[in-house]
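Let me begin by handing over the structure; questions about it come next.
For clarity, chains are labelled A, B, C and D in written order, and residue numbers in each chain start from 1.
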Amino acid sequence: MAIETQPERAEPTGRGPETAGGGERPWWQHMGAHTGLIGAVAGYFLGHWLGNFLGGDFARSSLSDENDVAIVLGYSFAVIGWLAGLGVFNDLFLLMRGKPLPEEPRFLGQEGPGLAKYFRFTLDHKVVGIQYLYGMIAYFLTGGLFAMAIRTELLSPNYHIIGPEQYLMVVGEHGTMMMMMMSSVVLGPFGQYFGPLLIGSKRVAFPRLEALGFWLTPPAYIILLSSILFGGFPTGWTGYEPLATQATTGMDAYFFAFGLMGISMILAGFNMIVTIINFRAPGMRWSRLPMFVWGQFTVSWLQVLAVPVLVGACYMGLTDRTFQTAFFTNQLGGSSFLYQNLFWFFGHPEVYILALPGFGIVTEIISTFCRKPLFGYKVQVAGLLGVATLSFFVWQHHLFDSGINPDMRPLFMLTTELISIPTGFIYLVAMGTFWKARIRFTIPMLFALAFYFNFLIGGISGVFLSDVPADTTEHGSFFVMAHFHYTIMGGLIFAFFGGLYYWLPKMFGIKLNETLGKIHFWTMFLFFNTTFLPLFALGMLGMPRRVFTYARNLETLNDWVSISAFCLGASMLIFLFNFVMSMAFWRQREVGNPWRSRSLEWQLSTPPPAENFRRVPVILAGPYDYGVKDALPVADLDPPPGVIGSAYAPATRGPVTREVED
Amino acid sequence: MSSAEIPLPAGRHAAEREQRRIWWLVAVWLLLSLAACLVIWFVWYPHLPPGDMTTSARHQQFDIAVLAVTAAPVILGVFCYFAYVLVVFRARPGDDSDGAPIYGNAKIQAAWIIGTSMIVLWLFVFGTVELIVPAGAGAGEGASPIWKQSGAQTVAWTPGTNDILQVQVIGQQWTWSYRYPQFGGMESTVLDLPVNTPITFHVTSLDVIHSFWPYLLGVKADANPQVDNVAYTTARQTGSFIVRCNELCGIWHGAMTSNGTVMTPVAFKVWATAVQAREKANGTLAALPPYALTYDPTVIPQLGKDLVNVVGVTGAPGYFYGPGNPVTP
Amino acid sequence: MAEMAAQPSPSAAVQAEDEAFYHESGINAAWTGSRLAIGGLAFLFGCFAFAYFYLRSLNSAGRWQGSGFVQPAVWLGTTIMVLALLSASVNWYGLQRIKAGRKSIWQIAGLFALAMGLAAVALQIWQLTTLPFPPGSSGYSSVFTGFYPVFLTLQLAVLIWLEILLARSRFIPAMSFVEQPPTVTETQSVQRFQASLSSFTTVWSFMALIAFSFWFLFYAL
Amino acid sequence: MSLTARVAALIVAFLCVVGVGVFVAVYYIGSANQLPTVAYTASGGVVNVALQEDPQNNSTTTPDWVTYYTQDPTTKQWLHTTLFSVPAGTRVNVTIYGYDGCTPLRNNYWSKVQGTLGNVVTVQQFNKNNRPLGLTTTESLINSWATCSVGHTFAIPDLGLYVPVASPNAQNSVNNLCSNSPCTPASGGAYSLEKFSFMSPSQPGSYRWQCLIPCGGGFLNGNGGPMQTLGWMAGFMNVVST
């Protein structure tokens, strides 16, 4: 095939010579995470002082010995100080003084090969992707730790190890941290890193927005954790009102951190949509777009359109708590229904924000390791678009028993069940792709298969929940819990690990240890199922969510779940060990194209050069033409002069407001 | 490259063998599905939650069973297919050839889309019927239900007739209490109900959102402040049950349970009248606010606003809102 | 980086070709981005509009506008809204002029637009500090006090964009707007400026539209 | 600095971030439950439990939070905890000193005494000079609304025990509540002395108890803050097998 004939570029190591970048100033003289930290601390105390000055004499503050205004303003100023310390606003000030922006340093080769660039406001989308990778793993591990705490408390219905309030705190932290993490765990690392590579672009549309999107996630992480210092928040990840208005100051951290993460999601999605529409290489038709990019594209739409509603809802929650508006206080003309509507109008697209990138990754993986074209490319695209569109019209299936618009339930039952049609497309494509394939059982492939296994169970249990009478039994019980853990963890996290094992060789030129990888997969797959399958039964037997105690006859089942949950945690440790050792010490080189993939990113040197492509590539064929005799190479990476020039219209006068091509 | 398959006598035999294999696959799938459905329906269904204590519980049990029977063949189909392809089409060691370049198959895709659409349509029709016929199947129906339960709205409830028993469920942090308007609006901490009687629950809350979930009764309705959420059911068996809170409501959410009993109508009448008499005697009825579908705890008839506003006395709204927001309309 | 150095670096002409390609993409990105931003903002403001209509129709505890409710000063609200509209239209007029090659007129118009926008924001802040009701006294008061801080913050952000354009325009010779500049670099910078300006105009006009619609909700409806 | 060392440094730094999260989580979750549990033992087949309600607690950072105190039976010290244990299946005599002023219930139904032996309580009022006012009365209902006269309630819902605790009567309590916690009869401030008895359940286990008065000032519906914090207005009664 054409791939083998591709010449390998230069030496494999990604880090370049040790001494490179030695000429520049030492890291601590640059603006970076350390200056950002200083700014954040200073900002917090300033804001806290200001808040005490403004809100200290509220009746609410003096009666409750708490001042939410101080906390919230502290958070806001801390974030601003953090960004200022990072140097996010430098370019803005340049522009406001009318100066032109400096060229992106990576194009001038100023971005050293060292590690310092990962702790700076770096504009290279590949750097941002790697920052996301580590950031999201940190999120994931912390959230997982809270899950362990939850299962510890549930070991006994009677003897309380961490007690009811700490239990609620842990539940809330776990849910929120995981939800915040999941929404970026694939789009962050792989989306930012491979999006531009897959569409054959040297750059993204708004690199500053992209980098800002990442640099908002560390403060979100810290702020969410800081709620523990204030006693946590008792509402779980949904933050239902008016309980949220009633809660102590820990609640502010929830609203603020979730809102912050929302903004980060919006920025990332915004940049991705514009990039995918406008920065595709010549010949990269919509019909040749890799499926992962399609998934990213649809998700970005959800992020840009649905997440603002979350930001609005979080903002309203904060004003209710600080400046005492009454959005959600029924006695004063507000409504607790309002929050439920706003939250779930975001919340349901959110679960597809989590699901769709997973679909994209596993599609890439199965096509590569089945050595076959996708079965029904258009069907898959239709599936992604259909899911994305429908997800805006189903939110009230979370509210079947709440008494909100009960006569609308048949409609929302229909829309909810309709989603299973486009989701079915995903399975049709997968099943068709496996037919007459040559299946390689590599680790990414195993994770992809596990994805289809888990997501099937999760999806089918979702059909049970869409049916109102059945939902009356299952709503708000452990059944729902099991359902969304099957779709989110069983789906997205398995896809994430698949993508990790699949793309890490490309990102770092290093591949993870295979044996440990296989052990990791099998333990994770086994214990995931032993953990969450019994939860369906627990829900059916009448165990509500977020309870610190339960009926005594459910103790055996809960203990079983807890123990296998600990084993699941242990399998994550196996991964962590493998990751750290392989990345830092073993450093097993993997150059070129180990999977013999046709996809564009694998045609580049490993890891990709600073500016991705020496020339704008010209795309000649789709990425999935496996097994086709004399198939064209996927792209011409060094097109003759003139080709690119003919790809765009000559510069026209006046403000350019042309429709985008295709 | 697709021609580079496992060496076989001839293409035609290969095709026949594959045909046979596929028929085997379909047969296995059908047999498994049939077995699964039979097991689900005849073995599992009678024991499925939430049991058959009330009409609504029966409907939910029925729905879950029907959905399970619908879902089993789908799951089994996908699993059988994957089991087949993973075994048959695995790459033998040393085989680095590619699969057959199949880009799609209009017939199969159309069939799949039609099939899934049919299933969805069936689920929708079934679900809607099952929602409307049993008057909401025990789910919260909001303040003014459009699918009502049959029965006579009466001021006084008499056993043996078709009178609807009105029960108000009041959620508060962190316990339940129940008012019986047809018995002088007396209030109780236990939920006692008559069998074979249409029952209407009026679920409301005094503070945050709770959710009223008597699991065995197959009823679930959120308790929202200032909102009357109606749910219907009719008990078919006597026995005791537990009420749980199903919506996170604060520190004691997990422990917010209370007990109830379904008893014969006559026994219920005796119990209810006895409680009413006792509460009349010790002044509880007089102390309670007049029965209403929702309550505003910030309005305290017996207590002048002045006392509520005395500094040091925390008003019922907890003074979250200062005097600038009058606590009474 | 190292492996790049190993390669023969592509010729200058070829690189110019790539640059031009991404210049085009960038200009299209400005167009797409402004439209997309409008989409996102529409959902954010829609969130508040939904709250408005939801609480109004629900009127829980009869307190959408409880007893003894006082409307915020209509003349003030109207002034703020009119300022926003004027600012947008003046800037739009300026855009038409600069398309016709009259840079200086746009600069003046832009300055006026900036001034009026800032005035609207300032007045809005002043109104918020002197409201006739506590924020939590009714549904109306909640939506009012909740919405306007968000709106004026975003107005401010968009006005920074305008300031940037004004600052940038100082360094572009007026001639460049009349005829094709000599060098490619200049041409591209003018085109970037114009693309950015028209995107700004789109967003700013949208903000004016929002200002009007919420004025209608809060004062007229 | 070699490449491997640098990567290792990066990963160590990254693990430190996680470590911080882990530490904060574990440390606070672990330390949060350090309330002492007061063990009451039966003497002569009865257990005597003594609690007090304070209008404030100036021994912590939240002086405006109302709180319960539990008396250690041996040292007679008032401990700032709401965890106590009683033997199973014995008669529990509870004595509650009500130092806190009255607050209207959200649901006046809880004015009714339920679950005590005889469904009654005995109440004795004292003025701020620790002088008894009137005689000890036996109440089956202390109306929180008609005359705002309930300070807090002591409720163990799982046992059906709901006891309104009388507040010092209004004209004595307004503006001269006990100001220094834990309060003692000598420390000034009017109070009410309430006694009742109930049978502890035969089945061992931890039974939660709470207050039903919305006494979390400054929190919506009055049910935040102290109402949702162990050691203040929420606690456990651990029933241990004898």
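Observations on the model:
The rule we apply is simple: contacts are C-beta pairs under 8 Å (C-beta built on N, C-alpha and C of every residue); 3 or more make two chains touch, one makes a residue touch a chain.
Since the structure is predicted, the reported quantities are computational estimates derived from the model, not experimental observations.
Among the remaining chains, C is positioned farthest from chain B, on the basis of C-alpha centroids. Sorting all chain pairs by how many C-beta pairs they have in contact places A-B at the top.
Taking the mean of all protein C-alpha atoms as the reference point, the chain centroid lying nearest to it belongs to A. Between chain B and chain C the centroid-to-centroid distance comes to 47 Å (mean Cα coordinates, whole Å). Taking each chain's centre as the average of its CA atoms, chain C and chain D sit 55 Å apart. The centroid of the Cα atoms in chain B and the matching centroid in chain D are 36 Å apart.
With centres defined as mean CA coordinates, chain C is found 29 Å away from chain A.
Residue positions 207-208, 226, 250-252, 255, 296, 314, 317-322, 325 of chain B are each in touch with at least two other chains. Multi-chain contact residues of chain D (touching two or more other chains) are listed as 208, 216-221, 223-224, 228-230. Under the contact definition stated at the top, the residues of chain A that touch 2 or more other chains are 59-60, 63, 164-165, 234, 242, 245-246, 324, 326, 329-332, 337.
The full set of touching chain pairs reads A-B, A-C, A-D, B-C, B-D.
Within the complex, the chain A residues that touch chain B are 58-60, 63, 164-165, 167-168, 234-236, 238, 240-243, 245-246, 324, 326, 329-332, 336-337, 370-379, 400-407, 409-410, 413-414, 417-418, 420-421, 424-425, 427-428, 431-432, 434-441, 449, 452-453, 456-457, 460, 463-464, 466-473, 475-477, 540-542, 544-551, 596, 625-629. Against chain D, the residues of chain A that register as touching in their complex are 13, 15, 18, 59-66, 114-115, 118, 134, 137-138, 141-142, 145-146, 149, 158-160, 162-166, 169-170, 173, 221, 225, 228-229, 231, 234, 242, 245-248, 329, 580, 583-585, 587. Only residues 60-63, 66-67, 134, 136-137 of chain C touch chain B when the two sit together in their complex. By the touch criterion given at the top, residues 1-2, 48-50, 56, 59-60, 63-64, 67, 71, 74-75, 78, 81-82, 85-86, 89-91, 95-105, 108-109, 112-113, 116-117, 119-120, 123-124, 126-128, 130-132, 134, 136-143, 145-146, 203, 207-209, 211, 213, 215, 218-222, 224-227, 229-230, 242, 244-255, 296, 298, 314, 317-323, 325, 327 of chain B touch chain A in their complex. Within the complex formed with chain C, the chain B residues making contact are 226, 296, 321-322, 324-326, 329.
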